[in-house]
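Next come two complexes built around chain A: one with chain B, the other with chain C.
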Partner chain A sequence: MSRAARLALLAALLATPLPAPAQVVSEAPEEARVRELARTLRCPVCQSESILESRAGTAQEMMVLLREMVAAGQGDTEIAEFFRTRYGDFVMLAPPREGAGRIIWALPLILVLLGAGVFAAGLRRRGPARTPADTVTGKPLDAARLREMEP
Partner chain B sequence: MTDLIQSVDRARRFWKFTLITGIAALLVLLGLGLTRDPSRVPSALVGREMPAFDLPLLDGEGRLVSAEAAGRPLVLNFWASWCVTCRQEHPELVRLGLAARGSGAFAIAGINYRDTAEHALRFLDREGHFPYLSGLDPSGRLGIDFGVYGMPETFFVDASGMVRGRHAGPLTPEVLAEMLPRIGVTP
Partner chain C sequence: MNLTLIGFGGLATALALVLTLFAAAQAVAAGRGGSPARLVAARNAMLAIAALLSLAFGILIHAFTTSDFSVAYVAQNSNLALPMLYKITATWGAHEGSLLLWAWYLAVLSAVAVGLHWRDHPLSMPWIIATLALVQAGFLALIVFLSNPFAALAPQPLDGRDLNPLLQDPGLAFHPPVLYLGYVGFAVPFAFAVAAMIRSHVGLEWVSAVRRWVLFAWTALTSGIIFGGYWAYYELGWGGYWAWDPVENASLMPWLTGTALMHSMMAQERRHMFRLWNLFLVVSTFLLTLLGTFLVRSGVLTSVHAFAVDPARGAYILGFLGLAILAGYGLLIWRAEAIESEARIEAPLSREAGLLANNVILLMAAVIVVAGTLFPLAVEVVSEEKLSVGAPYFNRVMVPLMLVVVMLLAMGPSVPWRGMPSRRFLRQFRLPALGGLGAAALAAGLGTRDALTLAAIAVVGFAALATLADIGRSVAARRKVAGCGWARAVMIAFGQGRRRMGGLVVHLGIVLIAAGMIGSGLFQEARTVHLMPGASTQVHRYTLTLRGIDDTTGANWQGRRARISVSEGGQVVAMMRPENRFYETRGMATTETAIRSEPGGDLYIFVGGEQDGGIVAQIYWNPLVGWVWLGWMVVLTGAGLSLAERVTRPRPAAATTAGREVPAE
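Right, the complex of A and B next:
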């Protein structure tokens, strides 16, 4: 490639308009709320995905329904209730904080408290009992035995 | 001294007991959880009133209206031409439809779910036409009202309009023998 050709190529490259850094997409103001709600609803077909992520037809129809309900100004609990009466608690990705669902939510806390209790009990038992024990019988040594063992 | 030994013994027994109970509880929970089929979704509709519908017919003029079934038990089958297991239950549905027509003891209807009329009719031309009407639910909106998640699904509604049973998957004589008595129909 001659020098002139190289220069021409460089000039051509520099003259090429750069693409815009990011596309600006305007969306309906309710769309953020729709997404937030959609993330909490389980797709009944694919089961481990929310209806926001799912490409299943049923999930997409649920998204359409959700958009209509949000546009109609329905409240979060009203919308959740709509899907729960149709698909049961199953449709909520997070278990409900009532009935048997309460146990699930409380379980981690119960386990942590139980663990802390066990740990504290262990510390207390081990703490002051530091008298040397007989290696054979496991009994703590009394003063007389200790004196006997002195060299 | 013996007090201390006794308390150590007691603590040891306590731990052994706790550990064994814990492991046993975990095993029971795992056993319950792992033997269940996660794709079996419980129906929220059983024990409740059937959602109302008013759909265009698949074949011919007119509409499929839920109110027309009032006062009689109803078997409602969701089906689609793209559903493979629907082909499996097809002869059973045709048989059931003929029985319904013969005895008049109960009504039966189909809901063509997320499908096109063209594909649905081609499916019926190949598999045999139902001896009863089907309504069109191309968007699957009515399916959502019924809490449908897969095809095929069949709902059993009693004469008072209460949903008494839901079966997901192909219908078999065994399923019908279990479900039909729930809506007061002898299989």
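Right, the complex of A and C next:
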């Protein structure tokens, strides 16, 4: 539709009073929790999409299962375990904290310790600053020197 | 006619490959004390490579615009009905063409770098040329022998298989070229660093020479990443822009180390510190750009982006990457002992200490992204297990790290070198800190309970205020000195202190992006509803009513379009038209989301499908998401300001006497 036609339509809509909507649909009450859980489950047949984002058949089926389980009042861990046993670790977007998954969860902690160590070491090596000079080679073509040479 | 033209494109690429080897050999000979004439020969070869690859790339674009399906790559990625814009952008829409784009960029940037620095860096030039030529050789060999975009297809099909419909979007048309510009831009600093290490001359020379290159590459990389996010937001329809997809991670890795590099280079410029560290960062950043390109292009990751899957190329790519890692880090280890920083950090409340903290945290973040992305691959190789490391993991780990980075970003620029008294430090940041805490308290009062969300609000509020105060102080100082009005003082501050003000403006842009991410990531409102024609639903302060569903068609697709009126307080304020499209040639369906932006946020509608005569729609209210794009523009402005700083190019006295053509040796 052209821009003019679109504007005309909008103007027509604005001019005519809206009929009262036939019905006001609101979201099913448990849908927010469904979304939250769906974001943590990977669609097994797609490429790194969660089942919330994916429109593949498998993902849709998983959404239906998820909705049923949420409606039945099952807990988060129960639901996660169900999908994990049925589809494998692969569908958990947060890797399990056991087996190989332990390594990747331990990594941030190790890095924080290492990083703190590096930072502390960098500070502890404090001392009087020496005159900065290019002692490594002291060759004439260093940019700073070149700038000094400029008339 | 077309056949010979295409043949010529292949020939030009092959000739460029031969010339890279020639250039590398001549440059190494010149560097080892050979005749300067060899260096001139190497330079001329680099210029010729740029000309040849420009020609080759132009020929490939021409093949697309003329729909020459005798070329296999064109037949697989284009179609007669494809709109002209996408015919052109399809050139880099898949593996072969995007590699040629990479090589062409490298050739052009190499030629520019050689031309710009020819006179100022005569002693490093042989090694700079040799490095660039060898990297280029690695890419061209892959193109010529394993991924030739000019390969013929017989019999020639009547029509092409069309471009992947997901890529038929203006956002994606420009994402790869800008991202690649960022990737390739880091090759020049890498070449300077290699030259510095080989010559064992790791002082200021290479750092001052590449500052602009690093800033340029960083800006392009940032823009490329943001374009990618923008595309994902528009095209993929899940209401967000960053999914911690491995392909997104691939572009974030060099960004994190590149950001660290840009900051730690300042410490070397000003205090002659972090020498080894800078070389490590520049080598790592370049290697990560290679890793990023190859991860995406080898198809080793199965993801939305991995549109080229060919494990046969894997061996070559792995080999090339392995060689680059060995050469880069090998050189670093070989020279490590000769590279000692001379100055020490004198106080914990100093610019140096802040830069050290910035570097440590950005490097930690880079390691986490690299490890999280490669970990599933590693597990799969070692065992039969398959697992995923996705958004829940990265959000959990990266958000706290990034908050610390934003905190440092706010304080760094106004903490002086060598240290400051803690009383002054506290006084300087008292007001911004109170402002940040106030913002968090306000959010808590409005019902936010999550501790991390509140911390994020406090940090971003603090950073915004501290950065603005910093800019204000600079302007006020100029005003005092010049004794002029505020407007004039702003002009002077931004005109004369371009590098410092540019940096502060970039920081402000990053803070805006962070605010947009917090708003859209943590305060998103979402609804999933089944709407029959005439039915309404409420999202945020709007009432959305489905008015009807129509058929619609485009050049190469057919679709269904929902008409949804948006009203606020009984008044219709907009019509929104989300679509579902079906691209027949590829048999693929895509969705076109409908988005209505206003300063406070975006109304975002995605139609999942039709059911019982109505639609199933996901409707989102994404607060402040526009600030992410706005912040990017601010970042771009700041980077431009910093790049516009006047160059005081050192001019070697010897070069003027020895003549222009031959570098003084």
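We take it that the second predicted complex is superposed on the first by the 94 of 151 C-alpha atoms of A that agree within 3 Å, B and C clash if a C-alpha of one lies under 4 Å from a C-alpha of the other, contacts with A are read in each partner's own complex, and residues count from 1 in each chain.
As a convention for this text, a contact is a pair of C-beta atoms (placed from the backbone, for glycine too) under 8 Å apart; a residue touches a chain by one contact, two chains touch by 3 or more.
As the structure is a prediction and not an experimental result, all values here were calculated from the model.
Novice: Look at A:88 in the shared chain and tell me whether it touches chain B only, chain C only, both, or neither; answer first, second, both or neither.
Specialist: Once the two structures are laid over each other on A, A:88 reaches both partners.
Novice: After superposition on the shared chain, which partner residues are touched by A:103: those of chain B (first), chain C (second), both, or neither?
Specialist: The second partner, chain C, only.
Novice: Which partner reaches more residues of chain A, chain B or chain C?
Specialist: C
Novice: Please indicate which partner A:62 is in contact with in the superposed arrangement: first for chain B, second for chain C, both, or neither.
Specialist: first
Novice: Please work out whether A:47 is in contact with chain B alone, chain C alone, both, or neither, and reply first, second, both or neither.
Specialist: In the superposed model, A:47 contacts both chain B and chain C.
Novice: From the superposed pair, tell me which chain A residues show up as contacts to chain B and also as contacts to chain C.
Specialist: Looking at chain A, the two contact sets intersect at 47, 88, 90, 125, 129, 139, 142.
Novice: Chain C touches which residues of chain A in the complex?
Specialist: 6, 9-10, 13-14, 18-19, 21-28, 31-32, 34-35, 39-40, 42, 47-50, 52-53, 55, 88-96, 99-101, 103-105, 107-108, 111-112, 114-115, 118-119, 122-123, 125-130, 132-137, 139, 141-144, 146-147, 149-150
Novice: Which residues of chain B touch chain A once you look at their complex with the stated criterion?
Specialist: Chain B residues touching chain A: 1, 4-5, 11, 38-39, 41-45, 48, 114, 139-141, 143-150.
Novice: Touching residues of chain A toward chain B in the complex: what are they?
Specialist: Listed in rising order, the residues are 44-45, 47, 57-58, 61-62, 64-65, 84-88, 90, 125, 129, 138-140, 142.
Novice: Show which residues of chain C lie in contact with chain A when the two form their complex.
Specialist: 120-123, 199-205, 208-209, 236-238, 243, 245-246, 271-272, 301-304, 306, 338-340, 342-348, 353, 356-357, 360-361, 363-364, 367-368, 371-372, 375, 379, 383, 385-393, 396-397, 418, 526-532, 534-538, 543, 545, 565, 567, 570-572, 574-575, 589, 591, 608-609, 648, 650-653
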